[in-house]
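Let me give you the structure first, and then I'll get to my questions.
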Amino acid sequence: MVPRSRKPEELLPTGAPLTLVDADGRAVPSAGLAMPGDEALLALHRKMVLARRFDTQATALTRQGRLAVYPSARGQEAGEVGAVLALRPQDWLFPTYRDTMAVVCRGADPVEVLSLLRGDWHCGYDPYEYRVAPQCTPLATNTLHAVGVAHAAKLKGEDAVALVMLGDGATSEGDTHAALNFAAVWQAPVVFFVQNNGYAISVPLSKQTAAPSLAHKGVGYGVPGMLVDGNDAAAVYAAVRRAVASGAEGGGPTLIEALTYRIEAHTNADDATRYRDQAEVEGWLARDPLARIRKHLIARGLLDEPAVAALEAEAEAEAAALRQRINTGIAHDPADLFRHVYAEQTPDLRWQQQELSAELAAAADDPEVAR
Amino acid sequence: MPAFLLPDLGEGLTEAEIVTWHVQTGDTVAVDQPIVEVETAKAVVEVPVPFAGRVTALHGQPGDVVAVGEPLLTVDTAETGSVLVGYGTSSGHHRRHRATRSSGDTGIPPRNGRPPVASPLIRQLARNAGLDLTTIRGSGRGGLITRQDVDAAISARQAEPAAVPEPAPAVPPAGGVIRIPIRGPRKSVADKLSRSRREIPEATVWVDVDATEMLRLRAALNADESAPKISLLALLSRFTILALSRHPELNARIEGDEIVMGPSVHLGVAAQTDRGLMVPVVRDAQAHTLEQLAVAVAERTRRARDGTLGPAELTGGTFTVNNYGVFGVDGSAAIINHPEAAILGIGRIIQRPWVVDGQVVPRHMTELTLAFDHRVCDGGTAGGFLRFIADCVEFPANVLRHL
Amino acid sequence: MTAIAERSPGPPVTAPEVTMATALNQALADALTEDETVLVFGEDVGPLGGVFRVTDGLAARFGDTRVFDTPLAESGIVGTAIGMAMNGLRPVVEMQFDAFAYPAFEQITSHLAKLRNRTRGRVALPVVIRIPYGGGIGGVEHHCDSSEAYYAHTAGLRVVTPATPGDAYMLLRQAIECPDPVIFLEPKRRYWSKQATVLDHAGTNPKTLDRAIVRRPGSDVTLIAYGGTLGTALEAADAAEEEGRSLEVIDLRSLSPFDDETVTASVRRTGRAIVVHEASRFCGYGAEVAARLSEQCFHYLEAPVLRVAGFDIPYPPPHLEEYHLPSVDRILDAVDRLQWQETSPAVRAGG
């Protein structure tokens, strides 16, 4: 598994981010990327509308105490949706805790996905159903898992690429270094999709790295890096498609850096005014990914106002359904605590489960329990 | 009419302060409409209402601090008001009614012929009493030998006539080596002595005292043969009580991090008996006259030798006096009677050369020794205490000044 | 009896109420003021002031050469702290949450704990690693771990955990001054708890870094708790009082080293002990306490030493958390299991 030696210029990203649709919705020619077809563009737009409405609804639910926490990806819809739509059904998605939009876009049921954040269980969906790894808080740990899954697929002769999402902050973790290196040495079909949204909670990019860009980090490992406008869904989609195809054809890993911005604070518990200006946020609102693709589609006659209205109504209906389902609590079974620790429950755990059952039965029988 | 309760807005927050209301009573609100701005320890948050309807009450003014779980506002709505999921540090765990306090047995089956005993403490209790556990029937589950079982066995044994501590079991001396088990009262005493030395940082002061005047006084007091005999020990006790009133720290015990001084002097008077060392206690000795003290001490000592003292008369002392002069020795670094703070001892009284008015003359000399717990007082106090008693012994008439 | 810090602090009646987060903040500020070699760094501790606001205002006040954010790498934070300490500085670093400290575990166990010993005392590493730990805040996975056993098991580390704001101030000040590396575990469920107290360094008594404290005297059972479970233990003691049992509650404060003197003195008096901690029971910290008490107090014990702890499972999701954490009821159930019938003398008439 000797890595193909490539010249540095083949590995370095472009100086300017790759774009296909600019901030004003105009098509821009790109040497590196192919403009997606109309159907793909319409799908991107639709999914972004739904994703945004989902996100704002989740944020509201959190402030109402219906979700324990919600790390919003508002403003990052192009990356969340663009990367996922570029995957094939047999590919794997490795999301971070912020990529709930992406997981829902991939097809998982939104309430099952929110299981983690509502506090019902650590992962509410079956990873094998849509080939989505569980979301979790530690950063960059998923990069190594993605490499492993991809490498195993290769060993099995399976055509599957793993796309791992990480943020600018996560690229500083040691696991990212190991993952890029392993992926390169093994030529594993992995797409490292870095959404650089400017902040790791409060720490800005300037304190996170001295690299010319995060995409430049690839060359050190022999991994080609691509710098992409992360608010341009068409460019994101095209870039990921290209990276997936490369991986599928034996071209090994690719590192994509998508430049975007986290419009909301880190989570509902964060106070972003402590570390950034509203002016900065306003600047990025003006480069809204959804507005941009919509403008483009309308200009090309692929979308009209009624169609947009219908989409927004669809999104609204989904939000209402989400509210209703989230607000309807589900029963939690304490026995679940002991069921899945091992493949086969140990005698000690069985005993502990019985102790808890007895305790709960006693409480249930007790007329004096103050509820 | 559901109330919207303040949620935990950030991983364990407990409260929030209302900053601004965006609505007033009577307003109609839509689902997710922002209705109030609150400030938590972490951030200022705009909170959207989860129900639609008419606002019927606002539960607080700007500046008020609301606890998580308390109502923010009430909305008149057709919705059934879904349960608000609470997070955070709510410790609202309902207490279960605790009807039966089961003894929570351990149900241990006997292993390898060793009877199971409820605790090491009880096993030791049995061992000290010289009980053979295999002869005790355990009343606990699985034959567990409980404290009650051991106590019952001890009582049964005490009912037996043999009151003399059993002699050492006949062990044929192997090469002349004899083994005597330390059991029963001897064990109790041994433990107490060990504990005293282990726990108490004691120091000792002593002084040679001219007891000539005290002997003369005693002879004078005892000239009346109809009156109760005043013993040396009684005199010494009376002087001690007087000294304790001046230095109450020596009439103390240490409990945890505190020195506890009581108003009463429960005086222990050491007595050597066939059963070993015993220390009967004269309670409230400070309320006894010299004569009453002499009577009490004599009576206690007699009963100690007869073995008729009850446990209450052997415990609870606050200070001990010890006459080892009867053994024919002068001084002793005595072991403090734990948990007391000090012990005073007097040695033999014999004639020795002493200087009086510049002349070397024979006087009746004795040595007083005070062993004390250095935590309760310093050397100055201990020395002062001993000096006072020494002065009483040397010039007993002066004692009248303090009465 | 001995003073109970929670109930009768002793300081003037006008002592203000402070939260634990504020007390910690004050400790850091005072340490930064008094010792120019002290640095505070980690993720989001600068302008943000920390996700729990423990470093609030420090960057503005002391500048970003002394209080600063690092790139996102826990191994980097601890590894560089080790180097800084080797070169004369006193780093006080933060791990954002208990479970995020694990990438730094190699640096902590292989080097932070061992460099003094490795170099026969020539290299001292006066580093403090502050870690919010424990649950009870409804946090999602990885936000509620109790990892104290891993650190306590590592020779060369001191492991300290305050349960009150007053202690948070005092122990953090002393930890920073300590020549040994200290893992400073902050029970996050107590960050917003308040106490009316004067924040006192107790600098004249450095030994308090090693000492447990009796929070509530009692005579029947010794409850041994620390950090997040102290509150539950005190509640249990109140409840037990209603049932006629007197529980003595000890706040360990120092997990490593262990204050044998305070704890064994108590257990020798009560004859019964229960350890209460959030961490799983199996191989948890309570196992060490139980073994020590068995060794040192064997003949004073009326019953086995019991542990009320989390189940042997990964920390539950928020909705199931309450079933896992030690509760007042569970502690009282354990009290019931302490062999009262089997070990008490029978009540005799007139006896």
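The letters A, B and C name the chains in turn, as written, and every chain counts its residues from 1.
The working rule: a residue touches a chain if its C-beta (ideal position, glycine included) is under 8 Å from a C-beta of that chain, and two chains touch if they have at least 3 such contacts.
No experiment lies behind these values; they were computed from the predicted model shown.
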Farthest chain from subunit B, comparing Cα centres? A
Can you name the chain whose C-alpha mean lies closest to the mean of all the C-alpha atoms? C
When contacts are scored as defined above, which chain pair ends up with more C-beta pairs, A-C or A-B? A-C
How many angstrom lie between the centres of subunit B and subunit C, each centre taken as the mean Cα position? 30
Distance between chain centroids, defined by C-alpha means - subunit A, subunit C (Å): 37
Taking each chain's centre as the mean of its CA atoms, how far is subunit A from subunit B in angstrom? 65
Subunit B: which residues touch two or more other chains? 8, 11, 13, 42, 85-87, 95-96
By the touch definition above, subunit A meets two or more other chains at residues 68-69, 118-119, 269-271, 359, 363
Spell out, as numbers or ranges, the residues of subunit C touching 2 or more other chains. 51, 138-139, 143, 318-319, 329, 333
Under the definition above, what is the set of subunit C residues touching subunit A in their complex? 43-44, 46-49, 51, 69-76, 97, 99-100, 102-103, 138-143, 282, 311-314, 316-320, 323-324, 329-330, 333
Which subunit B residues qualify as touching subunit A in the complex? 4-11, 13, 31-32, 40, 42-50, 82-87, 94-97, 99
Under the stated contact criterion, what part of subunit C meets subunit B in this complex? 1-2, 19, 21, 51-53, 136-139, 143, 188-189, 191-192, 217, 231-232, 235, 239, 243, 265, 271, 298-304, 318-319, 322, 327-329, 332-333, 336-346
Spell out the part of subunit A that touches subunit B in their complex, as residue ranges. 57, 60-61, 63-69, 118-119, 265, 267-271, 273, 323, 327-329, 359, 362-363, 366-371
Subunit B contacts subunit C in the complex at 8, 11-15, 41-42, 85-89, 91, 93, 95-96, 98, 101-106, 118-122, 124, 140, 144, 146-148, 151-152, 256-258
